[in-house]
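Below, subunit A partners subunit B and then partners subunit C, in two separate complexes.
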Partner chain A sequence: MINDEKVKVDAMVIGGGPAGLSAAYTMASAGLETIVIERGEYAGAKNVGGLLYGTVLNRMIPNFFEKAPIERCVARRELIFLGVGEHMRLSFGAEEWTRPPFNNTFIVHRSQFDRWFAQQVEGAGATLLEGTVAESLVYDGGGDERRVVGVRVRGGEEFFADIVILADGANALVTEQARKDLNLRSGRVKQDYAVGVKEIIALPRGRIEDRFNLESNEGAALDFFGVPFEGIIGGGFLYTARESLHLGFAARIETLARARLSPYEVMERFKAHPVVRSYIASGELLEYSAHMIPEGGYNAVGELTGPGVIIAGDAAGFVNMSLYKEGTNHAMESGRAAGETAIEAKRAGNFSRDALTAYETRIRKTVAWKDLRRFRRVPEVLENCPNLLSLYPRKVNRLLIDFFTVTEASKQENQRQAIRSFLRGLPKFRFVRDIIRARHLA
Partner chain B sequence: MSDGISDKMSLADKLYRTKYEPDAAHPHIVVDQAICAQCKEKVCLVICPAEVYKADPNHPNQVTVSHENCLECGTCRKACPFDGIRWLYPEGGKGVKYRFG
Partner chain C sequence: MSCNCVVIVREVWDTRDLIGSILDEAGHIKPGALQTRFEPEDLNALEVALRIKDQQGGKITAIAVGAPRGVEVLRECLYRGADAAVQVDADASVLDDRALSVLLAAAVKKTDAPDLVLTGTSVVDGENAMLGAMLAAELAWDHVAWVDAVEAVAGGQAVVKRAIEMGYETVQTPLPSVISIGVALLEDDPRSPRPAKAMLKLKMKKTPIPVLTPAELGVADPAALVTTRVTRRESVPPRVIESRQVDPEDVAALKTMLNEVLKGK
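Up next is the complex of A and B:
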């Protein structure tokens, strides 16, 4: 592959996250000479996440959960509304979720998981260049003839390839520049970003299992909404890892800016709520992290292919921000589709824009795309119906508390009073409209 | 070390727990102070999870940048309405280095 002047391979992948690694795994397994460029010291060094849906990975690496660094499977999920001092929760789980394939839902430390995945990709024959920053694409020709022929890394070195797969994540400097250079069509709406902030909090294994009522290896995934996130579009999460908790929240950047609320402040508000406080008590902070999430969804996805180039994963905007909060799996699905398209193009010896649009056709057939489409209205519902996640659950929570408040009054009197106060201040027409719209969220 | 994760913890203390490979010689963030001078809202001062941006105590209307605390999320880049932040990836292997992520 190396001669005196230049390195030329079949495929270059920018970014060693789930999208780039899936693309590389697919291509290397088919015998394509593949190089992955990762700016972190190791794959995963810059990545943050906790919940992993594994359906796509399981297709690529069957029973990956027997080998991969999985912290716990998700045996139980909870939706928790946080009021000022009160709360309510919906908790559900299934014994079946604790047996292979574990409902394809896992809790992982992404730095460790991505590193493992990168090793599998190397095992499949790809070359991983870690600690290397991709600076820009290398083009040949001008105007309409312009096509991608390689990647320039910091320091000036150039790597040439028949195809470049852009998987540089949410904070996608290379993709953003490439979109301009190649004049790629944007999505119907501007991409919107959330910022996620997270703390890894150490707790002894046994204490986690006692506190969350879990058997060993079983985990819980808790989603929070309500008072700590009032005034912004966002919500919190808590995932139990083996000997630590992932505690954090994600909120739309624009709404934080408008409210002039700092992520630090929101996190401290969240942690100060009595429900959260008791979960994390006596824990020790191990790591504080932040990452962006593209959450414009389906309508924000633009053109994804150009001559000699394909965009995948977060860089393409493949995140489902509904209650499922699915990003990693979609990244893998799109990376895999990109890899398969590259293999086909290689076989045909055709890497033109027209040939690579096969990627978009392929993507449209995936579950990821169907889900993105299904949840395309999530951003607008969250924007237009702020009461859904604050006023209404607060009222329901209050109703329950009032019903079970024990006083000298008769139960009948109590209940009448509870219902009266529930209806007071409830915008009836809007309530019905919002409830109907809520179907878009799950 | 304090026993209380439940007690309010300073941001400096939080950042102290995160691992970095510092690179003082190559600041990867540069703000255009001419733009900052015109900007009233200064969203950067509130939006950064690592509070990299602070009001410059010595120069009114300007901001200081502690790039070595950057968690590399890119939020500031998306939040600045005037494109006043030139944000590049740090050098290969440098910057934040998540152990858990």
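Up next is the complex of A and C:
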């Protein structure tokens, strides 16, 4: 109901990212009157680009990849270790990945993709309120009776709804305040944040395809670790978009501070590595952005529902920081679960805390939750086994180089020498322990 | 007494935060090199109109020429409190101020009894501060430029304050008049120009905006009115001045440096 005096709808969603839009799409499709509040000039304005896993979206909008602005499908993935002057890589791909459903892995420009998704949401009947900043929730009642009844936006206007879905992202100011106001339990461990830095580097289409050995529409997703990230917990990535490269890294903020490194310095180190340098040569920097990523994982997830309110996406901490680096898909899955919970609550006419805990039950059945749980030890393993991503790969890299170094010595002599130098300085017991622990990463 | 205002608004290139060169070899703006935004002085003009409306009532009509490139300036006007919006269906990027003023004058005449036409003085697009003056000439109205505030509208007169070198002057102009708005006074007020109202956004998001074709404005071919054309743009790189330092006690070094500087080394 929107009239001159008051706006009172079924649901309000704070945040027009993947989680918020999925929630809104689900609710609007079921006929709920829904408003999405997005602080950017348009949905996606606050984001740059990257990898999108599409399984959840494909369930909501079947064969979305035929209509959505996709830059390239990921036909090949690579894990690349960067040594000082050496490198090694593991490269794999499948022809099948180049055919629908493209292994559900796509490279997108989020500003375009989110805008498209927002249009689908509007098409489903929701109203998007872009360029509007949600400042706080509006409550009714006090103490235990306190419940969420709406949203206050910058400038003081208030809008009312039966349910508010908080999907305000990593730097979730509204969610944080709501947690305090409603006494929502925090996660078992404090949320940790990584900073993600990303550059968009323009290169002509043909050159990208030649340089990365790709057919048109095919893309490559490269993950980097090693020397440029030594001393911090983090790694780099390079995704090939249609006419640009997405180059960046993510690192735990705390470790950057400890190492007294600025994100800019790390980025420069990364870009200066010969492997990366040749990939981006002659490219023109188009955009530079930084983003926060909650990476505390499973153990940092707190209570997700209160009276009249549900938390989803990055605001809830649904990011998988393992090798798979999955965020958008989880955000969409939690958003969808939030939307479904709201639909049920609407049918029952009950938006109490008890009724909405159905969301937590629903979430526990999702792939997002199972993955989060499976990778719950990733933060701790990365913290406790720093050698995993530096010393060991460096040793292996060296071993390979030594094996294939051509000298006048006999091959046997060469190989013995290589193995000796591999074992030298390798902490054996810790090595075995770390390798066993490494199973938590993938 | 209520005062009806027409505000002419434009969508212009956003020249903030530029990365790299925006011009191609031929001296034209590269497609996609620039984003667009609501011309800030036009936004000030809208704010002045909204203040007049706050104080004495009246109707605000926003008029823009051209299809939106990225920002829907007319809808933004509605979100901020304008009562009506009219789009003139012509490609503003190929028209000069003469052609624009002919179209706009006809559009202004179609609005209901306007007392004032407000617009930004020197707009990023042309930086020539001409549209207000030419529009006034086309309408045969009076015109005041570089205005920072409209202080009163009463008794068939508007009293406006305009920036002059080292100060202000207050000018009285008969209604109806065209007033070109500057930046200074509004810049002093951190709340200006006012932001869009979320409630109005909700209500006006899908409101259809009426379109006037050049034919409806009595102009068969707007491009035929064009007399001035930009044929080339050149960018002048900012001059880099390198500073040099010597120990002031070291007379010999000072002499050497002066010699080098004087010889242009």
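The rule is short, and it goes like this: the second predicted complex is superposed on the first by the 438 of 442 C-alpha atoms of A that agree within 3 Å, B and C clash if a C-alpha of one lies under 4 Å from a C-alpha of the other, contacts with A are read in each partner's own complex, and residues count from 1 in each chain.
Quick note on the criterion: a contact is a pair of C-beta atoms (placed from the backbone, for glycine too) under 8 Å apart; a residue touches a chain by one contact, two chains touch by 3 or more.
Every value quoted in this text rests on a predicted model; they were computed, and no experiment measured them.
Using the contact criterion defined above for the overlaid structures, shared-chain residue A:V7 touches subunit C, although it does not reach subunit B. Look at A:T132: by the touch rule set out above, it reaches both subunit B and subunit C.
Using the contact criterion defined above for the overlaid structures, shared-chain residue A:S111 touches subunit B, although it does not reach subunit C.
Applying the stated contact rule after C-alpha superposition, one finds that A:T361 touches neither subunit B nor subunit C. In the superposed model, A:I253 lies in contact with subunit B only, and not with subunit C. Counted by residues of subunit A touched, the larger count belongs to B, out of subunit B and subunit C.
In the superposition on chain A, contact of A:F159 is made with subunit C only, not with subunit B.
When the two complexes are overlaid on their common chain A, residue A:I35 makes contact with subunit C while staying clear of subunit B. Judged by the touch definition given at the top, the superposed model places A:N213 against neither subunit B nor subunit C. Applying the stated contact rule after C-alpha superposition, one finds that A:R277 touches subunit B and leaves subunit C untouched.
Shared interface residues of subunit A, touching subunit B in one complex and subunit C in the other, are 131-132, 154, 284-287. Taken in their complex, subunit B has these residues touching subunit A: 1, 3, 5-6, 8-9, 11, 13-15, 17-19, 21, 41, 43, 46-51, 71-75, 77-79, 87-93, 95-101. On subunit C, the positions that touch subunit A within their shared complex are 19-20, 195-199, 201-203, 205.
Residues 2, 7, 35, 37, 127-129, 131-132, 153-155, 157, 159, 284-287 of subunit A are the ones that touch subunit C when the two sit in their complex.
Contacts from subunit A toward subunit B in the complex involve residues 39-41, 44-49, 109-112, 114, 130-133, 154, 170-171, 173, 193, 195-197, 199-201, 244, 253-254, 256-257, 260-264, 268, 271-272, 277, 280-292.
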